[in-house]
Amino acid sequence: MKSTFGNHVTVSIFGESHGQTIGCVVDGLAPGIRLDLDYLRAEMEKRKAFGRISTARQEKDEVEIVSGFFNGYTTGTPLCMLIHNQVQHSKDYEATRYKARPSHADYTAQVKYLGYQDYRGGGHFSGRITAPVVAAGAICRQILAQKGIHIGSHLVQCKNVYEDPFSQDVQVLTEQIHMMNRKRFAALSEDKEKEMTAVIEQAAQEGDSVGGVLETAVIGVPAGIGEPFFQSVESEISHLLFSIPAIKGVEFGIGFAFADLFGSEANDPFRMDAAGKVITTTNHNGGINGGITNGMPIVLRSVVKPTASIYKTQQTIDMQTMENTELNIVGRHDPAIVHRARVVVDAMVAIALVDLFADRYGYLWMREETCVSD
Amino acid sequence: MKSTFGNHVTVSIFGESHGQTIGCVVDGLAPGIRLDLDYLRAEMEKRKAFGRISTARQEKDEVEIVSGFFNGYTTGTPLCMLIHNQVQHSKDYEATRYKARPSHADYTAQVKYLGYQDYRGGGHFSGRITAPVVAAGAICRQILAQKGIHIGSHLVQCKNVYEDPFSQDVQVLTEQIHMMNRKRFAALSEDKEKEMTAVIEQAAQEGDSVGGVLETAVIGVPAGIGEPFFQSVESEISHLLFSIPAIKGVEFGIGFAFADLFGSEANDPFRMDAAGKVITTTNHNGGINGGITNGMPIVLRSVVKPTASIYKTQQTIDMQTMENTELNIVGRHDPAIVHRARVVVDAMVAIALVDLFADRYGYLWMREETCVSD
Amino acid sequence: MKSTFGNHVTVSIFGESHGQTIGCVVDGLAPGIRLDLDYLRAEMEKRKAFGRISTARQEKDEVEIVSGFFNGYTTGTPLCMLIHNQVQHSKDYEATRYKARPSHADYTAQVKYLGYQDYRGGGHFSGRITAPVVAAGAICRQILAQKGIHIGSHLVQCKNVYEDPFSQDVQVLTEQIHMMNRKRFAALSEDKEKEMTAVIEQAAQEGDSVGGVLETAVIGVPAGIGEPFFQSVESEISHLLFSIPAIKGVEFGIGFAFADLFGSEANDPFRMDAAGKVITTTNHNGGINGGITNGMPIVLRSVVKPTASIYKTQQTIDMQTMENTELNIVGRHDPAIVHRARVVVDAMVAIALVDLFADRYGYLWMREETCVSD
Amino acid sequence: MKSTFGNHVTVSIFGESHGQTIGCVVDGLAPGIRLDLDYLRAEMEKRKAFGRISTARQEKDEVEIVSGFFNGYTTGTPLCMLIHNQVQHSKDYEATRYKARPSHADYTAQVKYLGYQDYRGGGHFSGRITAPVVAAGAICRQILAQKGIHIGSHLVQCKNVYEDPFSQDVQVLTEQIHMMNRKRFAALSEDKEKEMTAVIEQAAQEGDSVGGVLETAVIGVPAGIGEPFFQSVESEISHLLFSIPAIKGVEFGIGFAFADLFGSEANDPFRMDAAGKVITTTNHNGGINGGITNGMPIVLRSVVKPTASIYKTQQTIDMQTMENTELNIVGRHDPAIVHRARVVVDAMVAIALVDLFADRYGYLWMREETCVSD
């Protein structure tokens, strides 16, 4: 299974940046899930380019559901969503076709696909292919939301601008998640949004690019989801996150900070809370012990590297002549992708979780109205 | 597929820490691979507990290959390896059976398996279950070595002791990898080995534990292996690494350090080297672009948290009475697992790569004697 | 994986009879396969309804390839094909919506999908969903044909009209297969075509339906493809054939006739032929021993039941009131499906074989121009 | 996945006829299933050779459960079962090692495994490898039995001796199934058992072999299990049955007899029964419509060819010299396998059904004590 993920709910994606149509097939959904198409549109909107901090390519990204959906509900058969590309500027790519963009997939695609790849706009490697991922994620997020499970991400770092992590207080965290899901630029504070936006705009002006770190939290997940080998919650989520172009690191809980702690500092003590629920007084493990959820919020961070396509002159090779050369790209590119990747990360986490939930409770769980987190 | 990984070469594992036998099945191997059982034994040896920096449980870990192996060669049918447990002290676990060890899987296992799990010695969650992973990895490493592909890891951090990363020079890196594979404790320098050992021993004396960061490098991998969605090299490797108990973060290349760089600093320029091979002058991306290998060394880091089982008194809950309580564990536990996890990480990376290679070249590739990296 | 088949080359299908668009995604194809779109159209043509022996619903079945195909060649990324439904008469299904057609999937769909299924025209259960299967099969058949592997089927029985089986002589068989692939109605002789057509037309006039048996042969498959457990050639092919609506039996070689033979009669003696190739002097096993091809033609038969939708009054239940009732259907239905199912069977066999070949030789095998059967 | 089957509950098998140990891993079982080891032993007993109608090789077939089982219950982690071979006569195979037994897998194994296969006793192709299948089936049958789902098979044909099919009356059928599960030789009547036994003994005396047809029925399966594409109940069951050595045909309901019926004769009318349950007045479709169960008994037939290993002189080739030769086998072989294959068929059907049920209801369904068929 190359372009498909999942054991119970599966997502297959297809398409190229400048092809006619991109899309995905979501299979294994329960019948009878009411879908809110406005929510789907809102999710698509959050992924869109906007302002001076994004590419000038403005796609409408209208999602057509062509199967598996009838009278407002999922049918239980494969749900296919199509998005038609509309504003391709393919000729931008002709002149530099054989000049491999450093840190982009041009060279690896050339080797892997033996020169037959659709090179226009990055083809199948384009960030554009994350649009159907967001559409699939929007379906999964609706399913989770009905169960009281909510996902949100914010930029905890953008270049050298740092924002405080999510709150440790579940009540406050819940509000933060909901706020992030309403915002176009996912900073917790207005000040940080301005600073980060300024950093990106500055990079754009200089023909350069920047990256950042996303922090993601999930509330409402009950204990008992996931597997020790080889389907740990961390395995499933990281598998999907590392399919997002530009993500180069993923950590759960305090992640790499574990390395400098003693066990006595790192361990999360269990306690009974006032309501009789098992909690941990710290959440260094990010809600996961032994690959399985423990009922605390899932917390993870992923790093998004600076966009590989920059306007500054770069050294590279010509893949036709196999000689050294210089590259000056044209075309429309994002000076940063981290703020748009945010909704893709949320989508991927939702896809992983719905698959894990379906394993635990059966796929008909998706349509039940009871809240699993009770 | 819960306990099985792989699309072409699959590894299934089974067993519990105090069960009779643990093991794995490796399927999809080519026929005619000559196996060096001394190499297999040497790999098993590297995972074993030793000295004061490990648990007192000393298992022989003799591997019996009971199928798929005939007259010194793989047959091409499923290869099953068994390891018989011999020195279980199960009674150590009775007194604290219902007291959930903080940051361990006791509580999540109780919820997931509804109380039916084998709780003795951590059961299926024990680090002991990584023994068959190392055995499977030893098969895969032999296959890769015949093609000139070598994997090695060292402790780039153990608590507050830091060692320099692997060399950027491929020649030097090759020597470092081979040296690590001969050593029991994977530090590049003798000094750092002493310092790290001292830190672990100190923690052991205090009834505490420490963690660390492993840096892993792979040389000899040709360009063109991996998939953009959803089987990127990063996805496959991280999926497996996050199945190793205690690993909480994985990053490729410079990983989280990408967040503070401009694209113009981060991008790895392509060049033709003197031998006519495509290289990059830096390797910030750790040998992977767009999920696909680019021919440079694969470089990644994974963080291993401090062992959850410590001898200090901890706060926790009693899972039978659902009340707060204190835990004072007995039994035999590792004051650090990071130095033993090293060979498990190597094994997992080998498993992921053999699977990806088999996808690219077909499974009969495994037995060919030609070197793919030429 | 519910709606996806394959380990190396995977086919996912989606769509409903009266939905907007049906289609499939074929993943795992090698890059650089030249596709002949005229051949694709010709295959689609063979599945179409025609004459008085088929439904009156006449769909154009134009296939749009929207991804994975660039400048005449496959790219190696997922290839998505779309077919837009055009002549739905959905109101035909309103009056009898809750009356379960005997032997059709109306009742089982109602139970499985909890009433949320798209019931119009049989929805996802319609024979219409085999159109994308034929499209996927047309891709696979082109790949096989380049290697000298050819598939053909004929009606060895239609109601009480029987035709001689394929020739045992490979030379003659080859001609028969090519002839079948040019014909719209797959009878070896003109006489039998007339007789079979007459039987179907007679059933149509009476508002009834008939079925039949298809014999399928594949030439050019080398020895060594398939697996003993659980991916035998018979397992893979039967898995796909039993997904075709109306197929209720599959046998390989002489199939059920084995039951009345002694081993000494049934066994196929091996011999070296004049060209130094291993053959068997009989082919009772249909080219497969122990789940693996032996180099002889693959021969199999599948039975297609009479179309469930007939115009005669039938006894059934009302799924809303849960009471007994009578059913008089309207709408457009085939008096026989066996002659149209022929090309679907060919497609399914092609899909299974390409997947098995890719396992054996790696997916890049698909694009090589050398003939595997040499 | 070559040697693994299943999406939710997976069975992996390994081993060779004359290897040290054969076995299987069953993964995806719910925790808390109480296993009756006497039942397991009784199932193994039914597969054993006995009397003059079977091979002289008498294995004890004691099953060791080494993981996933604790204090009488499944734990929910992978359950591994081992069977140690004890009475191999490997030297019987040396003299004829390169002489390919007609209709056996010797030649295809030689090609597929490039000569590295374990050829002793048929290696991985031996009927012996069905012993772990029966063990896995015994687990699955216990799960199903708790839900009121029972499987049974009988020999509806053995060479030229025919027995009446199972009763159409569910009450009588239930008794027949239970009777078959108590009997060693699965004939419904004592007379037929004698006649069939005599036919097999006669073939044994002549150094020949015979085959037959098994009819299998399953009662208690509710409507709504299975998928239209590509996981139809027929697809899943046939996939597994065609992995059993010697099975060459599978049909559901009246199978190939559909070909000579009009739709008006073939269709199964729906009715409400006295208890308010939906039934069909005939069961030509064998309990499956559109790939999904309809609540009627599942009925299927599979043909088992005569054992390929016969003592009569046969024409074949020498795989070393690639010349024509004659074969006179020694060793211990079954004059018929159909009566022993019966319990393997039951096991395979059970495995397929548990997997399909787990998909529908989630894997925790396995442990619930309520009866799904109510």
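Each chain gets a letter, A, B, C and D, in the order it is written, and its residues are counted from 1.
Definition applied: contacts are C-beta pairs under 8 Å (C-beta built on N, C-alpha and C of every residue); 3 or more make two chains touch, one makes a residue touch a chain.
Here the structure is a predicted model, which means the values were calculated and not measured.
Engineer: Among all chains, whose Cα centre is located farthest from the one for subunit C?
Structural biologist: In terms of C-alpha centroids, the chain at the greatest distance from subunit C is B.
Engineer: Have a look at B-D versus A-B and report the one with more C-beta pairs in contact.
Structural biologist: A-B
Engineer: What's the distance between the Cα centroids of subunit A and subunit D, rounded to whole Å?
Structural biologist: Inter-chain centre distance comes to 45 Å.
Engineer: So, what's the distance in Å between the C-alpha centres of subunit B and subunit A?
Structural biologist: Roughly 26 Å separates the two chain centres.
Engineer: I'd like to verify one number: the distance from the centre of subunit B to the centre of subunit D, where each centre is the average of its C-alpha atoms, in whole angstrom.
Structural biologist: Spacing between the chain centres: roughly 39 Å.
Engineer: Can you tell me which residues of subunit B touch two or more of the remaining chains?
Structural biologist: If we look for residues of subunit B contacting two or more partner chains, we find 1-4, 7, 13, 77, 112, 124, 228, 359.
Engineer: Please output the residues of subunit A touching subunit C within their complex, sorted ascending.
Structural biologist: Contact set of subunit A toward subunit C: 1-4, 10, 12-16, 19-23, 25, 27-28, 31-32, 64, 66-68, 70-71, 73-80, 82, 112-118, 123-124, 367.
Engineer: With touch defined as at the start, can you tell me which subunit A residues reach subunit D in the complex?
Structural biologist: 7-8, 77, 228, 358-365
Engineer: List the residues on subunit C that touch subunit D in their complex, please.
Structural biologist: 1-5, 7, 13, 100, 102-105, 107-109, 111-112, 124-125, 129, 157-160, 203, 208-213, 223-232, 234-236, 238-240, 242-243, 245, 247-256, 258-264, 266-272, 276, 278, 280-281, 284-286, 289-294, 303-310, 312, 314-317, 322-324, 359
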